[in-house]
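Chain nomenclature is as follows: A, B, C and D, assigned in order of appearance, with residue numbering initiated at 1 for each chain independently.
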Amino acid sequence: MSTLLTLGEGFLLGVVAFSLVGVITTVFVLLERKVSARIQMRVGPMRTGPHGLLQTVADIVKLLMKEDVRPEYADPVAFRLGPMLTAVPAVLSFVVIPFGAPLVMRDLDVGVVYFLAVPGMTVVGLLLAGWASYDNYSFLGGLRASAQFISYEIPRTLAVVTVVMLAGSLNTVDLLKAQQTVPYILLLPLSFVIYMITTMAEVNRVPFDIPEAESELVAGYHTEYSGFRWSLFFMAEYGALYAAAAFATLLFLGGGNGPVLPAVVWFVGKSLVVVFLFMWVRWTLPRFRADQLMRLAWKVFLPASLVNLVLAALVMMAVGR
Amino acid sequence: MTASDVLFVVFGVIAAGCALYGVLTRFLLRSIVALGAFLTAVAGEFYLLAADFVAMVQIFVYVGGIVVLMLFALMLSTSGERQPLAGSDRRGFSSLLAYALGGMLVWASIGAKLPAVPGGLPSSVPYLGRALLGEQLFAFEFLGVILLAAVVAALSLVRSERL
Amino acid sequence: MGGLLLAIPLVPLAVFVVLLVGGAYLRLTGAAGPRGVAGAAGAAASPGAVAAEPSATGGQVAVVDQRVVALRAAAGWLSVAGVAAALAFGVVALVAFRGGAEVALSATWFRVGSLEVPFSLRMDGLQGLMVIVVGGVSVLVHLFSVGYMHGDRDVVLYFAELSLFSAAMLLLVLADDFFVLYMAWELVGASSYLLISHYFERPAAAAAGKKAFLTTRIGDVGLLLGIFALVRITGSLDFQTVFAHATEPGLPGAWRVAVPLLIFMGAVGKSAQLPLHVWLPDAMEGPTPVSALIHAATMVAAGVYLVARTYPIFVPAPEALTVVGWIGALTALTAATVGLTQRDIKKVLAYSTISQLGFMVTALGAGVPAAAMFQLFTHAWFKALLFLAAGSVIHATGRQVVDELGGLRRRMPITAVTFAAGALALAGIPPFAGFWSKEEILGALAGGHPVFLGMLLVATFFTAFYIFRLLFVVFLGPEVEAEGDVAAGAPVRESGPVMWVPLVVLALAALGMGFWGAGFLGYPLQKSLGLDAGQAPVAGPWWVTVVAVTLGLAGIVLAWLAYARRPARAGAAAETVAERPGRVRPGRPAFDARLEDSLGWTYRLVDHAYYVDALYTRFLVAPFVGMARFLARTVDAGLIDGIVNGVAWLVTGAGGGVRRLQTGQVRDYVAAVTVGVIVVAALVIGALG
Amino acid sequence: MTPVLILSGILFAIGVFGVLTRRNAITMLVSVEIMMNAANLNMVAFSRLYHPELMTGQVLAIFGIGIAASEAAVGLALILTIYRRYGSTDVDRADLLKG
């Protein structure tokens, strides 16, 4: 009996996580449009619902009812797998986010490694989608996306390692406990900066959105997609965005730690601030060129993160933690 | 039958099935994707065997690294060519060998007198950390050297002829 | 404090690494200086290549790689800073010693069987003094090099090598066990080789480096064998343990004499004593600052230092000391005579160095190591001064043969005055430094070594004569116009401050360093060696001083009469040249020619340095080459190749048969491996269960 | 633990079969990876059985994964070289024993 219960619980959690990502995508698309509108001195969508609040809901209904187009020469298996493999890791990332001390789906001992490892599977999805579309724009977009992801993964991981060294644990809940007095952004400011910038690159946002640069590649790897599959890419993008923001909150901003209000409120509030930061940057800065992007990763961020790591280790040795 | 037993069987079936499909399919891309699924399933088995860190490393390195690398190689080497490959050949002789080897391994596994599984550890991570930076430090450092050598070797192999 | 000690050689070593890596990086990234460019024929046309040669920038503004220029400019100052820092560390450590503490660092480096190889450094009085000498001369020479090597193509490499030498030499003097000592010993040898061959495109320079390396190697083998013997007998590499064992109960049997002689072999090679002195004159092919630092002041003195440092091994073997004394005295005398006739100013200084080292070795043999160390100490300063002054002359004129030099005192007053100071010190005229140390040696010899005393007194006279011959010919008299002067355009003038400041400092040192007296050295030396105070040097009889100074002054006066009174140079008179080709060259000092006429074969014998090199060539090198040729042509081609070819023939035959298995198909190999695995696994499983 | 060992045996045999029957270099690499994973599975299993606190088996598995990464890097570089030379990744064509 308990066997069925355990398995059922896991299944339920999956459903919850997936729904969460769906809701987040809905909200964030609207948020993004509103934020960009404010930055560009516009008002954004206003017609559907009060202040356009129902705009994205309407969009989703539209997307779900659209015809599912598949190019004639597309590889049928890979074309279907691509969006799924892109979206699933984003959903999986939510498993280890501790929204409040008890509010975490699975309190893994290796939560941090999990968070670093699972989004890596996205790359497979992107490559498949790009390749399966049988279209040069998609193909280039897929290659660029994965090259970029792999390149920025290294400095990002190294930045996270400093946090792990300081906390002495890979467990997300332990990280929260370790930051009860001082959030790590004060102790490891450089790590935070590296993490934020590389994360922007990992989730393919401006100024790092080369893979889907519309002026060069139409829409990158999802050029040929439409309807529900296309919305899966959007879910993946915004799900990953929120997961990254949540981990920034967890690793550097003290997570749900805060006075008076319950932990959940603090956590969501902080992570929304980070999300807003990502959007702000996206609508303010121009994008890099592909070669600049790679050079930045290998010649700036990799050495910088190594130096940061050594510095952090030396300081920790000196202080004796 | 506990939940982990069920999961073990599920992962095992997925792993074996994906491995078989990856070996048999005539489409290179599907073979690599099947490998990815196989690796993920094996990572699941690792997790069930109380090796959660190894499971994560497996996903990190294998799925996020090696499979992607293979896809890159595929796309860089045969991007224009989407025809199915020649399938497997020499099946008779090869399956004979494979059956012999596999049968022997399975037979040895069934016959082995194994001790009972000891009680679980609270968490493998601290022990693993101590082992990697203590007893096994040499292996750990040596792995770094090997990886560096591999990077250099790979670069020198694929660089174009001009220096 | 031990860490401080370790830092002394580490700082120049770090500079070496930085320069080496930096230079290599720039070369690899294609931003190389002219050497990398010269190698690539195609790149010769690129404007960057031309402009990177500073001396060739004829107003040509071109794309110069900034990093190359920056590194070339920084290299010299970086290594000056490195050596200066090492010197500063040394002074700090020495001050600590004066406060009563003895600074030492000792750790086990590794183990081989039961032998524990230590890494130990020590700094008490003796080493402290050596650090000051090495560091001080080194700083000045580095500084001088910044000016002298400016514009050299491989200036980064040069400073890297010079830093490596400084590090090695400092390590050598700080070593407190035979292993570190030998390591540093070989390191100085290697860096000496690199620096001699610095202008390696010149065949002479390459050959000189090789010769120096091989010749000193003969001595090094002796040293190594000596160390082996000591380890075998005493089971330790540590100085104190070995010395204690050598003193009580003493080395067994013939080893008592053999070990000191073997160690002395190392000193003979490194300090260029008879019969291994032949490399030092050739080593003058290196840049002149190198000659000053390595082949005059420090490295060649390492042999003397080695014997002094290991003196407790020599004390129980008077026979060995006699050999040491004889070799020293003979070297001192013969090298001084050869110095009389040389035409290349650096050759004169080279033989002078050999001769002076002979003085030190004689003192060692006579049982007064303190006097030898004192001579080493003063000699380092004034001989470095002489070399650097010569370097200044060479740098300014581009010539180094006396025939083509003359009357430089007006154009290069600072160089002239400082050279004179060095010459006075070398001649042993009071109150210059050389006087004090030489008197110390001669005074000690007067107490029981009359033969040595006589030989060294004669050498003193010759010394004064040859060095003042050089001074008078080069700096006095009319200026000599050599061909090419007009073409070169630039008038000869004094070198810049980066070069004359070291000269002035060294001149002051040559004047003042003698006042410390041997007592200053004696005490720490005795303490360091654990010798009893009874062997402290005693003042010699008064007449020795008088005779020595008189001989020195006589040498000077005679030199004046011969070379300066009538500024006579051989003219290019047609009839003399035709009659005696080779003997009368244009610009040759007239007295040299007259001397050759009157002495005949004796002069030629001396002029050719007693034909030692020729003897070596005929009786050592030629048979060796002949034997090698025999081995190569007959034994190797016939016997060895026959065996090899026979084996190859067999293998080819066998391989032809087995070749069919090698299909080149990876999967065939895998199948074979799999079958093998199955068989082995079946056997194992069968055996186990 | 026996089921784990059986599973790993089966997986290993599948890998061997793949290496023996496939001619494409990338597929061969896939098969080799399958074999390595079978081995890793055994190591982790035995690490659980014997001295779990020493973690020897898990360290060995991590070592194996690292080796697999370097093997894949070098192997794929080789595959690209073969592809450039023969225009295909079929290993049967690359049977010359000299460069």
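Just so it is clear, a contact is a pair of C-beta atoms (placed from the backbone, for glycine too) under 8 Å apart; a residue touches a chain by one contact, two chains touch by 3 or more.
The shown structure was predicted, so the numbers you read here are calculated from the model rather than taken from an experiment.
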item: Interface ranked first by C-beta contact pairs; value: B-D
item: From chain B, the most remote chain by mean C-alpha position; value: C
item: Rounded Å distance between chain C and chain D, as computed from the means of their C-alpha atoms; value: 58
item: Gap in Å, rounded to a whole number, between the CA centres of chain B and chain A; value: 27
item: Distance between the centres, which are taken as Cα means, of chain C and chain A, whole angstrom; value: 66
item: Set of chain B residues in contact with two or more other chains; value: 53, 57, 65, 72, 90, 93-94, 97, 101, 108, 124
item: Multi-chain contact sites of chain C, meaning residues that touch two or more partners; value: 667, 671, 674
item: Each pair of chains that touches, named by its two labels; value: A-B, B-C, B-D, C-D
item: Of all residues in chain D, those that touch chain B in their complex; value: 1-18, 20-24, 26-27, 29-31, 33-34, 37, 40-41, 44-45, 47-50, 52-56, 58-63, 65-74, 76-81, 83, 89-90
item: Of all residues in chain B, those that touch chain A in their complex; value: 1-3, 5-7, 27, 29-30, 33, 36, 40, 52-53, 55-57, 59-60, 63-65, 67-68, 71-72, 75, 79, 82, 123-125
item: Of chain C, residues touching chain D in the complex; value: 662-667, 670-671, 674
item: Contact set on chain B toward chain D in their complex; value: 8, 12, 15-16, 19-20, 22-23, 28, 31-32, 34-35, 38-39, 42, 45-46, 49-51, 53-54, 57-58, 61-62, 65-66, 69-70, 72-74, 76-78, 85-86, 88-91, 93-95, 97-99, 101-103, 105-106, 108-110, 112, 114-115, 117-118, 121, 124, 127-128, 130-132, 135-136, 139-140, 143, 146-147, 149-151, 153-155, 157-158
item: In the complex, chain B residues that touch chain C; value: 90, 93-94, 97, 100-101, 104, 107-108, 111
